[in-house]
Amino acid sequence: MTIPSADELALARASAHALWDRDLASRALGITLEEVRPGYARTAMTIVDTMVNGHATAHGGMLFTLADSTFALACNSRNVPNVALQCSISFVGAVRLGDRVVAEAQECSLKGRTGVYDVSLARDGETVALFRGVCYRVSGTVIGELPE
Amino acid sequence: MTIPSADELALARASAHALWDRDLASRALGITLEEVRPGYARTAMTIVDTMVNGHATAHGGMLFTLADSTFALACNSRNVPNVALQCSISFVGAVRLGDRVVAEAQECSLKGRTGVYDVSLARDGETVALFRGVCYRVSGTVIGELPE
Amino acid sequence: MTIPSADELALARASAHALWDRDLASRALGITLEEVRPGYARTAMTIVDTMVNGHATAHGGMLFTLADSTFALACNSRNVPNVALQCSISFVGAVRLGDRVVAEAQECSLKGRTGVYDVSLARDGETVALFRGVCYRVSGTVIGELPE
Amino acid sequence: MTIPSADELALARASAHALWDRDLASRALGITLEEVRPGYARTAMTIVDTMVNGHATAHGGMLFTLADSTFALACNSRNVPNVALQCSISFVGAVRLGDRVVAEAQECSLKGRTGVYDVSLARDGETVALFRGVCYRVSGTVIGELPE
């Protein structure tokens, strides 16, 4: 990992806050923003009773939403707006009512107008889902104005 | 399309209702079950203010959740429980606050213990997202008991 | 399906031939170009002994290559060069030595600079693999010059 | 990384050799097996003139085949046969005629009958493609008999 400069870190935080302010969906689900750096973000969410289906198991869509929000934070962390083009998720462990899930997004590639990010979801350090997202850059900035 | 028998249709509906009763997440989002047949399901959801992010655009996670719930209905429509293993989604059109999105899930393959299902999401007949899900069969039944 | 004009069909064929002339890999595998229209292509390949692994089963990579080549024909059929960004494939049936596999690529979405295409692979009318590809447009033309 | 025992390493190597002996496709492409451990494999392939398309760029199918073969080695490294169910690949850098591509497969998850593996492809240490494969266990053993 390259160590980001103080300016890069400040820009990542300002970008994250601008994004987060507009993201009513993530806030409605109680997702918390834990850390952001250039190309990286960590968040957490606790499974409440409106997030489950049979057997008090977390709905796959809620886990995807957590991963997707974390992906968005990581790929917009340089004040350059990016939108998701294609995302995939593999479910590898059950998540239950009351579980706290931590999501970590990491940049795998950023070239030209497109990027690839991996997001792992874990409960108590055990991986429960693996997400990969492909994004592309749109015009504008993250801070101050809205992405196109 | 093979025309299902009355018994197959009744089983598909009973399976869907059993699944839906337990799916608090889908109901919390206001997803409505429109039609179910063996290997097929159609649902709808209206984008409300807790489902948007920047620019009053629907959060990708909310669209994924709609698709995933519809996939679950289709792949559990024969009273044989299946769980999602891997899902992917391509976002091809913007969805905004107030839009009604219709999801249609169709079985593409069902062999051995695994199945592949395509779900298309549309707004006013225009495709806005393309989802593909891979599931595998678990033991038990959908009706009466919960899938493992 | 919209019926293409004679000019659109001629452009699709000329684009396909330009692409095919440069695609040594597809020709080395004996892939044949059966039909091309705007946003559509059909090809075929017979599994020979250098395409198999254990149990005389076709290597997944050879099936992917057939699908990917067909995807390229479909997404380059308007003389506008596109390159693959992300592709996925689900293997749903075994293919064996001597089998002839037919691939059909169909445009699902084409908006802005990105497109989504589905390719189904079949042996004797039975689906053996389902491929989905996401591409994005690059500058130049397919005919006459090479895509960037 | 857990350090494998000498017995686990020997089993991984014997499994790889059994698999490789039957994989005519990988050998026809000149893929070389560099290292194998439980849940891990590294291979390499040089792009020759039957692997390129326009602009002397490697065909995506050839890169997928390299990744898929490496995935197979990693997910069959405990003498328990697994077959690929779903694979995806993101192309993030151009590969040209003469380039040597190194593939590394790493187990991300192995639970119940299913596993998830990541394969990165690199040229001179720079990532050119990211592959993810989902497999499921079949009956039998890798060594001595063929997977179902």
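The letters A, B, C and D name the chains in turn, as written, and every chain counts its residues from 1.
In the analysis below, contacts are C-beta pairs under 8 Å (C-beta built on N, C-alpha and C of every residue); 3 or more make two chains touch, one makes a residue touch a chain.
Please read these numbers as outputs of a predicted model, since none were measured by experiment.
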Looking at Cα centroids only, farthest away from chain B lies chain D
If you tally C-beta contacts across A-D and across A-C, the winner is A-D
Taking each chain's mean CA coordinate, chain A and chain D are separated, in whole Å, by 29
Per the C-alpha centroid definition, the whole-Å distance linking chain C and chain D comes out as 23
Rounded to the nearest Å, the gap between Cα centres of chain A and chain C is 33
By the touch definition above, chain C meets two or more other chains at residues 85-86, 88, 90, 114, 134
Listed in rising order, chain B residues that touch chain C in their complex are 88, 90, 92-93, 108-109, 111, 114, 116, 127, 130, 132, 134
Per the touch rule, the chain C residues reaching chain A in their complex are 85-86, 88, 113-114, 134, 136
As the complex stands, chain D meets chain C at residues 19, 22-26, 28, 49-55, 59-62, 64-69, 72, 83-91, 146-147
